[in-house]
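Chain nomenclature is as follows: A, B, C and D, assigned in order of appearance, with residue numbering initiated at 1 for each chain independently.
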Amino acid sequence: MTVRERVAEVVDGKRCQRLIIAVIVVNAVALGCETSPTLVAGFGGLLAAVDHIALAVFVVELAARLFAHRARFFRDPWNLFDFVVVGVSLLPAAGPLSVVRSLRILRALRLVSMVPSMRRVVSALVRSVPGLLSLTGLLLLLLYVGAVIAHNLFARAGDERFADLGATILTLFQITTGDGWSDVMRDLMVQQPLAWIFFVCYLLVGTFTMLNLFIAVVCSAMESDSDAPDQRVLKEVQALREELRLLSAGARIPEHVSRN
Amino acid sequence: MTVRERVAEVVDGKRCQRLIIAVIVVNAVALGCETSPTLVAGFGGLLAAVDHIALAVFVVELAARLFAHRARFFRDPWNLFDFVVVGVSLLPAAGPLSVVRSLRILRALRLVSMVPSMRRVVSALVRSVPGLLSLTGLLLLLLYVGAVIAHNLFARAGDERFADLGATILTLFQITTGDGWSDVMRDLMVQQPLAWIFFVCYLLVGTFTMLNLFIAVVCSAMESDSDAPDQRVLKEVQALREELRLLSAGARIPEHVSRN
Amino acid sequence: MTVRERVAEVVDGKRCQRLIIAVIVVNAVALGCETSPTLVAGFGGLLAAVDHIALAVFVVELAARLFAHRARFFRDPWNLFDFVVVGVSLLPAAGPLSVVRSLRILRALRLVSMVPSMRRVVSALVRSVPGLLSLTGLLLLLLYVGAVIAHNLFARAGDERFADLGATILTLFQITTGDGWSDVMRDLMVQQPLAWIFFVCYLLVGTFTMLNLFIAVVCSAMESDSDAPDQRVLKEVQALREELRLLSAGARIPEHVSRN
Amino acid sequence: MTVRERVAEVVDGKRCQRLIIAVIVVNAVALGCETSPTLVAGFGGLLAAVDHIALAVFVVELAARLFAHRARFFRDPWNLFDFVVVGVSLLPAAGPLSVVRSLRILRALRLVSMVPSMRRVVSALVRSVPGLLSLTGLLLLLLYVGAVIAHNLFARAGDERFADLGATILTLFQITTGDGWSDVMRDLMVQQPLAWIFFVCYLLVGTFTMLNLFIAVVCSAMESDSDAPDQRVLKEVQALREELRLLSAGARIPEHVSRN
């Protein structure tokens, strides 16, 4: 047993995984505590220490796994996920990159990659994405076309929400979620009484497309689940016909055909 | 017939159940009436009396069932539910526990445990919960991670809704339900024009996960419902093949195989 | 051919139905026009005349159908619907009953009972109701229990929306639809910072129950649609096994068994 | 090979299609840039030139396809779509028709007709429409009937949102989408405390009908997907019974029956 194999055994073992899960949870709680000024005033040093130790543990763990699995390490997308999430925390977080400090909590998402049942759920989520690309593309196209039209029609009304193309896209996204669309429309209708035509059309087309996006997700989820029994029945019946034909031709049904 | 058996017969009988249902309904109506100052001024004594009598009836009934079924009583989760709901009403309701008084109306939920069709509905609801634990865990994790990020990014804007971690979690829960999320975002964008990035990302990820939670519920509901016929067909066809093999081997199909 | 049979032939004929549909549409448009003061000022007499003529046509038609079908007339729920809708228009509409005048437009719903494809859609809607009674009962129970609790907890905050039990039920209904629930909650939290506990619990329980109500509708709709082929397969396979047993016993398969 | 055939080969070829897709994308981006005053000030001439060139390319392409396919051209609804979208851009856009200028961006929707996967998605969307006509008709009827009633009941309250029949229809549409319906109701309840009866009824009936509309879409989508295996099983089993009958009658199963 080489050193590499021994490291692999330790790193992929149950004990090591439980330790990492514990570190993730402790780290997540510590980062949560850091949001409270009172706790930071009292235990700021402790919290920072926990964060540094957790990061050190993660770096060591990833290095060990990288050493144990070499190139194979990067073939598993979950490993890539762990790598990026930990890597982000190593970036310098000064000046304009202070936002990066906020992203340290993303390490808590490593819980997903460590707990098998969550891993399965997220894998199922991600697998359903490719089947939705065409519909998502269609929605983005509708958003862009709708935003150009809306900006041309409503920008002169002086409404902040249609001030430039970006703001208009954001407003149309808001309308697609159905939140406060009537306020946006009624504000515009004071100056442009026909504005409702655009809103009603966009809402109907957008909602109908979203509905179909949703149905596509449901259908693909059902399919992978439920057509199995049907397929088994079909195979059984086809085998049965074959056997009957053999029987009719005077042959005995051979054992190995009967149990395929 | 022992006393215990006779008590069990009475307590589990149809008449006793109908009486309890009647008491539950009368009690619920009385507690509803107690919310009206006019009715309390006129009939306060009567309403309090109804409440005390109903509670007494429940206590006697539960004691009788406990006596009749002994340890078995606590194996049925519905009995536990009845026990807790009635027990809550017996707590002293003075001082800081005055909230407990409001919970007396929970006794009306005993209706669910007494009416078989409602019992079945709620049982189905509860049975669908375990299959959703992973996805619910994922949603809670997203809520926590999102709240830590949102608090770090938006707390300095001085917005009440992001003042501490608890408030931020509540705000993100509100955003997940889609109610008034655009108001929250637009208020923040006055100071932090890039706030929309967080909101759009969180909404997309959150909604997509919720959608899949929903689909998981639908799928599990469908499965337990609809694969039964498929399974029966499969069994029938497999039995048929077995019989044909027997026939081919020169044997007669025995009656007991043909009617399994 | 008696007079009764001749009347039935005319009243149930295609021509008469088309005439009635035309009258319904014209009447609905006229009632729509009556909402415009300008049109009433110009053509008030004409619009009132159209309304009176349409009502007369409906009364004559119903009387003829009643004469033709006698007691059978009331067995068809659609006829009852027509009868009630037309009957409402004959009520005196003075004084406190002026609301009844507004209900004349309900006659336009007769279109549903006259157009077969709409009739089928509404029949399907109505048929799905009984399967939902238990869940609807559960939702109403939750609404009542929630309202009593909410009134007891929040009434002293002086909020209009929780002033009495009726107002509280309406507010909880609003929360169940998800419209503006966060505004209601935040207004209360100024005085009662723990109000969010009730809102989050109620929203989770209510939404989860609604979701299951929804799934029950989908499932029952699917079932009535899709288990037919499964059932046919099952019957075919069972018949097949019966035939094979006959064959094995040395008998010929009789024609009438083979084609059941 | 005639000129017509050669033109058809070029126009329907992969290269030409890729060129057109590129032109569509460039044109869409240019029209997006035109919404920014800064970009128009700097590159206005270029952007206008891109727009004119793109339009010229589209006109030439459509003319070539029209020449190549003649009357067949108009049988494909996608061609009609391209024709209308490009035709709109050729209209004079002065004076009251300035809205038409905004519609130039609709050309970006040609992307849908050029990219096969999007084409399939939209075709599926459009195919699901006929099955929904009855339910949509029912919803429109409910909207009209509800609007006439609501206008009669609430117009005298002086609320802008119920001022005339058009405004009332728009308000009811807003209520059906569930956005801000409680605000509308509470504003009215100040003057007419019983207004909630109409809103709750309309919301329940409208939502229930919408839910069924939605279910109809899901069911039709599922059906076209999933009943295929069931049907195949049914056919197999029926063929099997036929063969067994032949066998029982002493005949051999002919090859061609066994493999239908």
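In this section, a contact is a pair of C-beta atoms (placed from the backbone, for glycine too) under 8 Å apart; a residue touches a chain by one contact, two chains touch by 3 or more.
If you're wondering where the values come from, they're calculated on a predicted model, not measured in any experiment.
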Touch-network distance, subunit A to subunit C, counted in steps: 2
Cα-superposition angle relating the copies subunit B and subunit A, to nearest 5°: 90
Interface residue overlap between copies subunit B and subunit C, same or different (over half shared): different
Subunit C and subunit D, separation of their C-alpha mean positions in angstrom: 28
Centre-to-centre distance between subunit D and subunit B (centres being mean Cα positions), rounded to whole Å: 40
Numbers and ranges of subunit A residues touching at least 2 other chains: 178-180, 218, 222, 226, 230, 233, 237, 240, 244, 247
For the subunit B and subunit A complex, residues of the former touching the latter: 133-135, 137-138, 141, 144-145, 148-149, 151-153, 155, 164-165, 168, 178-183, 196, 200, 203, 208-209, 211-212, 215, 218-219, 222-223, 226-227, 230-231, 233-234, 237-238, 240-241, 244-245, 247-249
Subunit D-facing residues of subunit C, complex: 28, 31-32, 35-36, 99, 101-103, 105-106, 108-109, 111-112, 117-118, 120-122, 124-125, 128, 170, 173-174, 177-180, 214, 217-218, 221-222, 225-226, 229-230, 232-233, 236-237, 239-240, 243-244, 247, 252-253, 258
